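Pasting the structures here.
You will see chain A twice below: alongside chain B first, and alongside chain C after that.
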Partner chain A sequence: MEAFLFFSCGALMLLGGVMMVLQRSAVVAALWLVFAFIAASGVFAALSAPFLAIMQVLVYAGAIMVLFLFVIMMLQGPVLEGERKRLALPMWPAVAIPPVAVLVLVGSWLSRRHAEALPVQPAGFGSPGQVADLLLGRYLLAFELISIVLLVAIIGALALGNRERKLPWS
Partner chain B sequence: MVVTLNHCLLLAAGIFVVGMTGFVVRRNALVMLMCIELMLSAVNIVFAAFSRQNGDASGHVFVLMNFAVAAAEAAIGLAILVEIYRRRRTVDVDELKSLME
Partner chain C sequence: MAIVLESLAKIVFMFLLIMGMVPALIWAERKGAAYIQDRTGPNRASIGGVRLAGLVHPIADVLKLVFKEDIAPTHRHRALYALAPWLVMTVAVSTYAVIPFGDYLTIAGKRIPLVVADLQVGLLYVLAVASLGTYGIVLAGWAANNKFTFLGGIRATAQMISYEINMGLAVMGLMLIFGSLRITDIVAGQGGMLFGWLPMWGVVLQPLGFVLFITSVYAETNRNPFDLPEGESEIVAGYHLEYSSLKFALFFMAEYCHMVVGAAMISALYFGGYQVPWLPRPMLEKHAGLLLLIVLVATIAASLLFAVLFMRRVARERGKFGDARDREPKLGAGFWFLVAAAAAGALALRPWEIGPAGAGVFASLFQVGAFVGKVVFFAWLFIWVRWTLPRFRYDQLMRLGWKVMLPLGLANLVVTALVLAAVGSGK
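Right after this comes the complex of A and B.
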């Protein structure tokens, strides 16, 4: 059951990614990416990370992709027109070499180690409670720092989106 | 058929490569940002897999951090993109050659 969930969701996620790259329309690409992220949530569930599975749908497929779709709707006409002209495969060796290199590296490392099944974890593993204990305990400083990162992102996005350029420091 | 760490790493590598290839091939800056999101997602799978392998949920915390970083990156990137579109009327990266406005 777990293996079935992992392999089917993994395959669907790969499919979603490939379709996103191949789609010329930005809207359709965004929808394929939502598909891939929902499949990723299934992968997390198979890796006994239920909290991450839920957060993946809420944060990625929900919040971040809605942000993308809003911007696509703002820019839609010109974006689609520009993308229709050509799908540019510039200097295809430059495109082909990095993937092959990564796969060879990973494959050579994989062939020797970690061929046994992932250990089964106790029932509460990856539950919201356990993650919260770590997040607000051992990793409290990182938690506070990431909140500052988000605050800076909010301020930066507001400053960039300010049409009149009446910023308090200028 | 059981899930091994190798399967997780191969899946993550495959997704990362798809994202990387898309980033190089596509010229629409919006889709390039989406490819970055896909690459971040591949990293999350590796975190979750090693977390399960070692029986330590710390990896899940780092995935949550990665979510926050991805959200911040999307917000700032899209704000920059909208500003570029206002000035240049395009988000095609081939057209955006000049740093000087």
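Right after this comes the complex of A and C.
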């Protein structure tokens, strides 16, 4: 079951990535990326990492991509000139669904062949407690350094974005 | 196979609970709004003269929405326009998978936990699903290709992103206290007593967290006072302006599903979920016969009261309308007499001699009843608040979220952590 989930979610993730690149509309591309993120969370779930799986959806699909979409939509109206030539709705599922089905089938076939490739993890593996132990114990320094990098990035973005306005420190 | 059937039964139960509450809530909203504004509210739709104080209206609504023409703007983005209502509805009903509606049910010696999916990270799952809810709304606003819907979608995105953070912070306090992200653990942890008499509910342990959480839930469900995304006076109807017929019905239903799920979350996290205060499970099982007797007698008394009220209407309104509506009081009185008779008949089965297996089932059902009761109350609270408070202005909404609630949430978290460290009971 885990192997089946792993391979089919992996296949769907690939599909999401490919579809994202092939889109002409930036909004639809962003949505395919969200699809790929959710499929990636399925891959994490199949690898017995529930915490990571949920975090993938919560952070990437739920927060970051919403902001991306927000910006794209502000900049671009719903119908671009180039998009008008694209497939109409009745064709759209007909084009999108067969590849999904094929990919799921390929996933199940792969999972039959490579079922033993997924190691069985000990109980409690990937639980929030274990992730926390690693992040705030063994990798504490790296974790804190990353948060400092992010803080610097935020301040940098503010400084660059607000060039015209006077900032308190400039 | 048994586990599949078991899960299916639980899913169906929760789905029916939510879907059954939607029309009831629509009715409660209309009637509640009417009484709060000193009106009578809807009371015209009837089936054969039975109006049920407006309860027939949701049926008329459904018929109208099903048979209405589905008008769609020409300049929409076709695929996304069709996808958005579906997405909104899916997200609205998928949260309930992790909410426990009861402790466990023992049937034929088999212990069935009364939750669809007991996830290790249930609390995070709720937050993740809630964060996906933004997509449906923002896509609806964008795909309809209308300035007003787009503004509604943009407002919804900004609002939901802002309040998600507060929701997460509020919930983290609970997580610290109960030392788990599993919602069943949190509900089970609320069964204890503080100082021997106060129920150890989340609201008692985290009063500030509760206020922050309920405010964020209201903002996440886009209900008044936070219904800026559909502010009629400014942007017509917001993100669902260009939807009609069943597509609109999906948005409408999703709003009420969100209310039910929000109410369920509030009662599960902060009001002990299925826990009955001062009546822990062993006591429920021990005194099952007595409790059953009390429930039955109360049912008889209440239905007799209703029947008498209907009888008085029969006497007062004899031939008042001169049509089918005159039948309603008689039918009502008959119905309540039947309920009273059924309860009396159940009394004749000597329920106080209930066996241990029956006592277990009764205790489970009693707890499910307690949970449903709490959910109904909080769903009503949504309506009550909507018709009591005015709408926020947009800058006020953002200021409240970022400058008031966020610091309060952080402070609550720090204080909780410090207290737990001092007491030494944190896990």
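Heads up, the rule we're going with is that the second predicted complex is superposed on the first by the 124 of 170 C-alpha atoms of A that agree within 3 Å, B and C clash if a C-alpha of one lies under 4 Å from a C-alpha of the other, contacts with A are read in each partner's own complex, and residues count from 1 in each chain.
Throughout what follows, a contact is a pair of C-beta atoms (placed from the backbone, for glycine too) under 8 Å apart; a residue touches a chain by one contact, two chains touch by 3 or more.
Keep in mind that what you see is a predicted model, and the values were worked out from it rather than measured.
Chemist: With both complexes overlaid on chain A, does A:74 touch chain B (first), chain C (second), both or neither?
Modeler: both
Chemist: Count the residues of chain A touched by chain B and by chain C, then name the partner with the higher count.
Modeler: Counting residues of chain A touched by each partner, the higher count goes to B.
Chemist: Once the shared chain is lined up, is A:66 touching chain B (first), chain C (second), both, or neither of them?
Modeler: second
Chemist: With the two structures laid over each other on chain A, which partner does A:55 touch: chain B (first), chain C (second), both, or neither?
Modeler: both
Chemist: For A:155, decide between first (touching chain B), second (touching chain C), both and neither.
Modeler: So A:155 meets neither chain B nor chain C here.
Chemist: Check the residue A:28 against both partner chains and state whether it touches chain B (first), chain C (second), both, or neither.
Modeler: second
Chemist: Please work out whether A:131 is in contact with chain B alone, chain C alone, both, or neither, and reply first, second, both or neither.
Modeler: A:131 sits against chain B, while chain C stays out of touch.
Chemist: Just chain B (first), just chain C (second), both, or neither: which does A:104 touch?
Modeler: neither
Chemist: Could you give the residue numbers on chain A that contact chain B in one complex and chain C in the other?
Modeler: 51, 55, 63, 67, 74, 78-79, 88-89
Chemist: Per the contact definition, I'd like the list of chain B residues that touch chain A in the complex.
Modeler: For this pair, the touching residues of chain B are 1-11, 13-22, 24-28, 30-31, 33-35, 37-38, 41, 44-45, 48-49, 51-53, 55, 57-58, 60-61, 63-65, 67-76, 78-83, 85-86, 89-92, 94-95.
Chemist: Residues of chain A touching chain C in their complex?
Modeler: 25, 27-28, 31, 34, 50-51, 54-55, 57-58, 61-63, 66-67, 69-70, 73-74, 77-79, 88-89, 92, 127-128
Chemist: Of all residues in chain C, which touch chain A in the complex?
Modeler: 75-80, 82, 119-121, 124-125, 127-128, 130-132, 134-135, 138-139, 142-145, 150, 153-154, 157-158, 160-161, 164, 181
Chemist: Sort out for me which residues of chain A touch chain B in the complex.
Modeler: 2-3, 6-7, 10, 13-14, 17-18, 20-21, 26, 29-30, 33, 36-37, 40, 43-44, 46-49, 51-52, 55-56, 59-60, 63-64, 67-68, 71-72, 74-75, 78-79, 82-83, 87-90, 94-95, 98-99, 102-103, 106-107, 110, 113-119, 121, 125-126, 130-131, 134-135, 138-139, 142, 146-147, 149-150, 152-154, 156-157, 160-161, 163
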